[in-house]
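Given below, in the form of structure tokens, are the structures.
Paired with subunit B in one complex and with subunit C in the other, subunit A is shared by the two complexes that follow.
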Partner chain A sequence: MESLSGRKKVLEQKPMTFMERIYLPAIFKGMGITFMHMFKKKETTYYPEQEREFSENWRGMHSLKRDENGKERCTACGLCALSCPAEAITMTSAERQKGEEHLYREEKYAAVYEINMLRCIFCGLCEEACPKEAIYLDGPIVPSEFLRKDFIYGKDKLVELSITDLEAQKGVLA
Partner chain B sequence: MSDKIKVTIDGIPVEVSPGTTILNAARQIGGDIVPPAMCYYSKLEGSGGKCRTCLVKVSKGSDKDPRPMPKLIASCRTTVMDGMEVQNITSPEVVEARKGVVEMLLINHPLDCPVCDQAGECHLQDLAFDHGSQATRYEFDRRTFDKIDIGDKIQLHMTRCILCYRCVFVADQITNTRLHGILNRGDHSEISTYISKAVDNDFSGNVIDVCPVGALTDKTFRFKNRVWFTKPVEAHRNCPTCTGKVTLWYKGNEVLRVTGRKDTYGEVADFICNTCRFDKKATSDWVIEGPTKVARTSVINSNHYDTLQPLPVIKKNLVLMAANKVEFEKAVK
Partner chain C sequence: MELAFLIEKVAVVVILFVLTLTIAAYSTLAERKVAAFLQDRVGPDRAGPFGVFQPLADGGKMFFKEETTPNGANKWLFIAGPSLALLTSFLGSAVIPWGQPINFFGRIVPLQVTDINVGILYIFGVVSLGVYGIMIGGWASNNKYSLMGAVRGASQNISYEIAMGLSIIALLLVTNSLSFKVIAEQQHGINWNFWYQPLGFLIFLVCAFAETNRVPFDLPECETELIGGYNTEYSGFKMGAYMFAEYINMFVSSAVMATLYFGGYNYPGMDFVNQHLGTTWGPLVGVAVLLGKILAFIFFFMWVRWTVPRFRYDQLMNLGWKILIPLAIANIVITACVITFFDKF
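Then we have the complex of A and B:
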């Protein structure tokens, strides 16, 4: 049958010559190419021990930022969740109580903030929508897990460490 | 009853009865030519004339005296004359003046929309988005107040108030005694109750509905959810004190908030009582009528772009313009 679109290409199959029929030249040629690659630069890296250099505009895991005084910037306005095309973000807001001023910047804060990393497509729209400069996709590749529930990242994984926490961590390492 | 008189607003003629204000005449036409209003509220007697957002230009006073009015006038307070010609969005002067009004209104209004519960249904937000400029020229600190509780269900956040006086008119209208008013003058003006006394009237909750900004908010809804994540549903119940016609704001199966039914101009049809507003928050309390119609431009209908922004390459190329004709026609509201 003739193709209607005219874009079909029919492969012509000629009978093989003697050299092609014995296969050995082709096999040795292929082995030669494989052997040559042993002396070339490796294209793979030993992830996660080694990491490739990321591009400047790489978008990885989200982090919820703190301001210069270590207060959480997020005010649970919900614009990231609204802009999210994959419906990956959800949150519950709460009112800041007296005595919590050093923890949260605004009078409202996100008590629960969850991102489903399986839904997230890392488009960066949440980062763009955020009026408080609270969320950035500046982290590494999201690590793999065995269970689906472990991909729902809460505030414990998303909020960046405060300066005191960072110093404490350094102290442990030193 | 005298005859109807004819006025022209932005070139559209309309016949209205004498004594109608320009704003209401424009509302009879509807559409884009209706001047925005922050303080005028058709259900409240005496409201209007304070915010100056409804400024229009009268290019012809009337048939008898065709001289234009010397200055821009507040359309909510000016009644129509026979043969009057009004310019609203067709006059660059009005557009420019409205931009100035928005800037003035925002001088003391905090830009805490991410925190504010009114965001998404805030008239000032819409107004600033449609008519305002992106930046402010004001360099000084905005005035701030502590939050005040008016009763146990209403919170007054005076910092956000734009002094439209609507809530004062509600308080005046629903009660015989004066309970709620404005203290001090000028820049120091402040909405307050008499010696911080609670407004304990059955209809006091309506100050929440009439407030165009987030100054008076429902404490039972405080920080519960964002307006655009909740689904409005019309419902009614047999209420002994009010008409019982309300809008329920659902999140999942839960009623987060009950408000009066608002029309296109954000004005409630009927004032509802506090029992309906604050206490009846179960679906079983209500007879559901159906989903509320939400304007296409509302943030509740987010992510739908109403104007097509063609790429520069399409604008130059006539063939591409013709090919995208259907899409261009869709963009027309």
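Then we have the complex of A and C:
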């Protein structure tokens, strides 16, 4: 039949020549190729010490953002949890009290916000669902742990550091 | 039998035993390193500098893993299988001459456990026994896949032993001796048997790959077809014994090839070195040369493993029976004709 694409190639099944039938020349050729690979540059990245470069839109660990005044943006609306296909996110909301205006941007906030990193598939749907631009997957690789419970990340690990925290950290370093 | 003789033999045996174990253990690391280098990787490098403690870590892991015995298994044979595999692989190194007799504080010590005058027959006997380790292990597991793997291993070893034996007969025509000691002494300097028997060496090499169950003839082990092979039901230290036996086999067959075809401890310029270093250090250089040859062969085994894909089972049998055996017989005829010709005229 005529080939529609015009790219069809018919391979002829020729009987092997004597040199091909004794295998050895081909084997030595292959061994030469593998031997040359010994002197090539190694592709390995020594992971914990070295990290390979990530692309701009790479999705890593989540972080809960603060606004320009250092207040938490999350209002515990639950849209991220609803959009999560892996059901990794859970939260408990609470009402902002008097005197906490400098901590939370709106009257409602997430008292508990947990992401199970073993369930999370890093699809980024929570990021897309968030109406307050409060969650982004812009962190590093999630580190390994020995226990399952240690993979449930609470607000202590997720919330971005505030300006005062950063300054306190600098003070410790200085 | 005097006491000094006994001590001397025990010392040689113990050193040889430790040496064999060490080289076999580090072969496991070398295998992974060579594989990595041939594939542009780094290989294990976390346990100690460049991963030198990796064999210890692997051994510790093997030792402390849970060992299971299948319900329907024959308990005794299940233990006998790996033990036999390990035992027979060790036995082969007894007749290899590791160097010229060494002057050790005024006493001449031959660096060979025992010089049997039919050393080659002994090696063949021991190598043939190695099949029992695989066969018994596969049989005792009471698992059809293990049995299939064992049958494959047994039939492969038996087929390639014939070609191996025939290639050795041609070598015997050249050397006129079955003793390893005499064969090693004949190859003084660079008068190696390889120059007289290149085809015989090639046949022997291919058969050695088959006898040690290495790629491209590693049919007894096959995850996709046999869920592992003859060692499917083995775990823990027994599994480790099988793996270890494979590496010791590789070491011993490398030693045999180096001694039979590549001069053993002989190297060009050895007379000069012996004159200048004396009778204590001179032979030790020879031992180092032999070890170098063995390590080169072990590297060659690994290099081939990570280059060549395996044979199909019918191809394996075709190669063994239809190509190697006729080739080996032709080699005998040609060698015999040439030797007769040179003797007569």
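Assume the second predicted complex is superposed on the first by the 135 of 174 C-alpha atoms of A that agree within 3 Å, B and C clash if a C-alpha of one lies under 4 Å from a C-alpha of the other, contacts with A are read in each partner's own complex, and residues count from 1 in each chain.
By our rule, contacts are C-beta pairs under 8 Å (C-beta built on N, C-alpha and C of every residue); 3 or more make two chains touch, one makes a residue touch a chain.
No experiment lies behind these values; they were computed from the predicted model shown.
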- [ ] Please indicate which partner A:37 is in contact with in the superposed arrangement: first for subunit B, second for subunit C, both, or neither.
- [x] second
Task: Contacts of A:52 with subunit B and subunit C, given as first, second, both or neither - done: neither
- [ ] Answer with first, second, both or neither: which of subunit B and subunit C does A:102 touch in the superposed model?
- [x] neither
Open item on the list: If we count contacts the way the header does, which residues on subunit A are in touch with subunit B in the complex?
Closed with: 75-79, 81-82, 93-95, 106-108, 131-132
TODO: Sort out for me which residues of subunit A touch subunit C in the complex.
DONE: 27, 30-31, 33-35, 37-38, 40-44, 46
Open item on the list: Show me the residue ranges of subunit C that touch subunit A in the complex, using the header's touch definition.
Closed with: 37-42, 303-304, 306-308
Open item on the list: List the residues on subunit B that touch subunit A in their complex, please.
Closed with: 112-115, 119, 222-226, 228-229, 302-303
